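You will see chain A twice below: alongside chain B first, and alongside chain C after that.
Our next item is the complex of A and B:
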């Protein structure tokens, strides 16, 4: 009996370990596919449904999702109806059993406007100073105008800041909601116009591609609930690169000291344990340290010495790119030290003695034999550091990240790299969009898309380092 | 300071008397301790120039320690204390003004396990040359070829000089390490059980190489293998418990040892 159990156990454990691998992979796949479907699906030009309800009300919008009714059996469907300036809301729940007719008329347009968000309805007319076009001709004229402007000004509305106030002499549109309420819209507030119901598959894919591209390449609009995330991508990558530049030399030198130079006594062991434990300190603690030491301490002193003419408005005495990179470098230092040390410890002493026996000094031995051999391990450390740093949000909120940074930290203005500027970060962008927007429902797809982007960026940074490591290993012949 | 020994008698190693060879290395009353535990005690011996000298003895007798001391590889270990002196061509190798890197260039060392660097065969041999500063590529190429030929490896690797050294077999790797050491033209070559990790064919090649190399430099060989010591060495030192027991021409040590302890060890009667 006992033997039988033991035999079973012997057969069971490989399955158990395989199952845990499978479970982990499944969860990972679920995570990524959720981000891909929700994130990328947001940019797809979904059909606009025109729905007539039992009480005679007519609405039009994208069907978003369904949920059970709270008070009676049956389901209700959420529609994205836009037209916040007319209805006061972007969304409407509709009980399925009250729907009389559903159709997808091809002439329904979706207008992306500078203020009040999207408009869904029909285009009645385009009124130019000397001409008034209606029907299909109006749509053609609108398309022509928008295309013209896009090629000139790269998609930015000419007078976005001026809102939708009508200036005499401007071209304007007359639009009508599906219920028949009309509005005048100056042409310059319209970013884009599309008729998703009239699109072919090819056009849809093209529209989707350009929407994704805009998301990647443009700055945010409407308090981060719309527009793109380019400044956040740029800020994240720049901060991580700067952090890597700061942490690698420090980490590698520290590891060399601990492993190659220091007397291997109790003190060294204690320091090593200390370093390993630093990796477990919660990141917000590093944020507090960065705020106290880098921002207020060093930054405040720098301001007093070099930027006293601009005080009391701080230059370095407030959160910025440099302090954020330094704080994260400190946070990831243990990872780099530990990985490098492991790499150094794996190098056989025979290699070191071989180099010394040929008349190499200790420095020559280090630079020509030990460091090249430990380079893959160092890169592993940097990979781990990048993965950790790119995903950190908490400490950044204390030392330099901004909800909306007016200026990029890298531009054409001397000295090009502005270390004191605040920057945007994808992780913080997710947090801000998800919890601090006015309309969480509208922001949610952007949160998924941004999260997907963050994962992809970490992946790309890691793959670069892994490729580099592979290249190094091949070069060294092992 | 040059040791004033008589010039060597006619080249006949088998019958040549010990004292007639000119000494290259002189070890005088040399003691070494690891963290206070003595490993070598009051050793004195002279290693003759352009001869092969073998150190034999049971494990832990200190023969490898002595070899490493000649190359000052104990410098890195802070718990090591020494007394007495070792002289290379009449100069104390522990003298404060002596450049350790220069000493190690003049005293090459080959270890038990082949330790080629993770680079190409060519770069392995050129490593020591590059340490000595800039050199015309042509001259470097010639030196690399000469070293590989001296180590009897050239014919086997001349078509793949730029392949990783780790693609070579164990025996080839060991000969590559010897070539690498020869490239910097040392005066002394220390070999720490150079063939103990190799197969019999490779071992024979290494032994042949050792015999051929003594026309160029002085060799000191540590080995566990009695037959090997008898086959390749001109002089043999028997160490036991950190002390030098017997030292003399190999023939007399093996055929007519002066001490019972030596005879017991050589004939394998010692536990």
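Our next item is the complex of A and C:
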């Protein structure tokens, strides 16, 4: 059969070319669905399994994945067992053939703690100053306490969680891991308590929703392996906003000059090609320029002139929000110029000539006729620029992104917007957490979620631009 | 209205107009100069290297240049056949409706940030491929073959089925077929691997030919960066192919050529320069891409052409080392020289591609009968 095809190339090649389309689509679909499944799945309250091994050991945890055994046939499974304070590790590999029994007891609890990470085990008792509750009553009391605190303090532990030192008179919990080791936990180190095995579908969806919300609205914890990405979202958005404020006027200005005012000769054509080609220059080159000119050059001079009392520790002479925005503005300038020029070129000359013939000056012709007609094209350009800037990481590594910014660049302190501060960025957060973290396995789910968020932001921006452009072309009848 | 105020008004308008024109001109030229400043800055900062005259220092850059070219080569090796194939298919065989959907979809693919692709490639795909090396290599041969098998089966189907699964939609309905084939491939490979003396392809490669396998290697980088480069090559190549004057193709088909012959003998030679410039643009992107190489390559500066070993590229070296380099020091100037090399290379490649495209457009206009 294949020989028949091989002889008849006319029939074979179309199939191969169709295959390349199918393969591209398959890769894209695989990437996006991997991000969606792993990114959103992390927040789902997975069941906790209690597993008895052949040697009598009992462990409890979420099953994460399976892999073939390295030394003999068969598979092993990775469990997330938490309890780093008891076991010294968060994970445990278990060979499948050593598992004796598996069950999902409803009374297993998952505690989210301020220190040592999660705890998986049983709740023995809640000890209050005047009474001691056990069993189901203890669980009820714990829930009540946590709910009360969440409504008061908006989810954060009531006390600055300064370790799990026990203060007499406080309420504390007695918890027990599945193999029977007990621990006392002061109530104030507990963020949340769950019994995933006992949850109904509705409760699971609710828990999932609130976990997604916490991811979006809280700051990172435990060296970026836990908590949320709010500072990174904030930093990305602020930086991109500043950048679009910078790039829009200059890009539009340059496009108007090139298309409406400059003499349309050889030089203008060369400049146009040059600008177009700048869009293809690697982003890291812009980063080098930003570091050399903005940070070391302009920033260094600013420090000498205005901030000489704080030298040698630099104020503007190191990467910061302003320099990052400027660098990205320069990087996206060609995008805006090209898009705006396209819009300007699409406007028929008759419109311009008509306005001039009626006695309008060039400025009036530009502001009343040409710019309103080109506005959607400009908007498209700016959105494309924002989409490109939001996903760009390499230049930021040179001009001011931080793995963990202690202060937000926007706060209540005068002058409110701190242009010299370093900021967090979603893309860099992905890179740093995935490659420089201590426990990559623990950070992975959050990296997936962050990547999904970044892709969503960029795709939505691009879709808007594509839709606008499509709409625009149809309107102009092209 | 009295004439004097009218002329005053008029003069005011004119003055404002002249002022605005002046401002726009100044602003426009200013922006263009700022852009030019990039090149000037890079050149200026590499001048001290001449004074130092340390040719040995340049030797530090050679492995980086090698790594850059190696990564770009493997990326193009993966991306060019796929992108050109997709362009040919969508320009000539695909149904118009699917084509209008496919273009924005691939634009989305281009928009996916490099850091996400790099993360997936470096942390998810690389360890996975290491565990399933034989299966992955099998796919390289298996997938094209399975497309041919699908074609053969299709030719033997009844007309009714052929009409429900037309060739013009094959780009879409081949996707589930591929999923099936990939599953089959990974089910079959353990059985095949047992035939090897070592029971595991990686150990076999090492023992038989001494081939090292690094987890993050050129093959992974090639696939990941190819993924990022496919859309830009595709978009330009598809434009070039779709703009081939219809009269040429129709003429060829009227003379008895099949659709594929018309494509191969008429459309491809005509659009050839356009395809060339598409590949050039892709090469420019592959050379400058930073995050994917940084995250998926292992970052070891090696001189090795093996697809199973890593590399360190210029862009990755700049991203890692430049923030730590003292301004004014040797490393700093060297890295800026590296950035200048990237800048010049991509700028030249893009200019070449653009010039070729302009000429092609003129040729099309001539072919369509407009002088």
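One rule holds in what follows: the second predicted complex is superposed on the first by the 428 of 478 C-alpha atoms of A that agree within 3 Å, B and C clash if a C-alpha of one lies under 4 Å from a C-alpha of the other, contacts with A are read in each partner's own complex, and residues count from 1 in each chain.
Note that in this section a residue touches a chain if its C-beta (ideal position, glycine included) is under 8 Å from a C-beta of that chain, and two chains touch if they have at least 3 such contacts.
What you see is a predicted model, and the numbers here were worked out from it, not measured in a lab.
In the superposition on chain A, A:289 contacts chain C only, with no contact to chain B. Looking at the superposition, the partner that touches the larger set of chain A residues, chain B or chain C, turns out to be C. By the document's definition of touching, neither partner reaches A:75: not chain B, not chain C. In the superposition on chain A, A:275 makes contact with chain C only, while chain B stays out of contact range. Of the two partner chains placed by the overlay, only chain C lies in contact with A:466; chain B stays clear of it. Applying the stated contact rule after C-alpha superposition, one finds that A:436 touches neither chain B nor chain C. Of the two partner chains, chain C is the only one touched by A:13; chain B is not.
Applying the stated contact rule after C-alpha superposition, one finds that A:253 touches chain C and leaves chain B untouched. Of the two partner chains placed by the overlay, only chain B lies in contact with A:358; chain C stays clear of it. Put simply, chain A uses residues 361, 364 to touch chain B in one complex and chain C in the other.
On the side of chain A, the complex with chain B involves touching residues 263, 348, 350-351, 353-361, 364, 368-369, 372-373, 476-478.
Chain contact summary for the complex, chain A toward chain C: residues 1-2, 4-5, 9-29, 31, 34-35, 67-68, 250-251, 253-254, 256-258, 260-262, 271, 273-278, 280-289, 291-293, 296, 319, 330, 333-334, 337, 361-364, 366, 387, 390-394, 397-398, 427-428, 430-431, 434-435, 440, 444, 447, 451, 454-455, 458-459, 462-463, 466. Put simply, chain B touches chain A in their complex at residues 71, 73, 78, 100-102, 104-105, 108-109, 111, 113, 115-120, 127-128, 131-132, 163-167, 177, 180-181, 184. Residues 13-14, 16-17, 20-21, 24-25, 27-29, 31-32, 34-35, 37-38, 41-42, 45, 81-86, 88-90, 93-94, 102, 104-109, 111-120, 122-124, 131, 143-145, 147-152, 154-156, 167, 170-172, 174-175, 177-179, 227, 230, 234, 258-261, 264, 281, 284-285, 287-291, 294-295, 315, 318-319, 322-323, 327, 335-336, 339, 342-343, 346-347, 349-351, 354-355 of chain C are the ones that touch chain A when the two sit in their complex.
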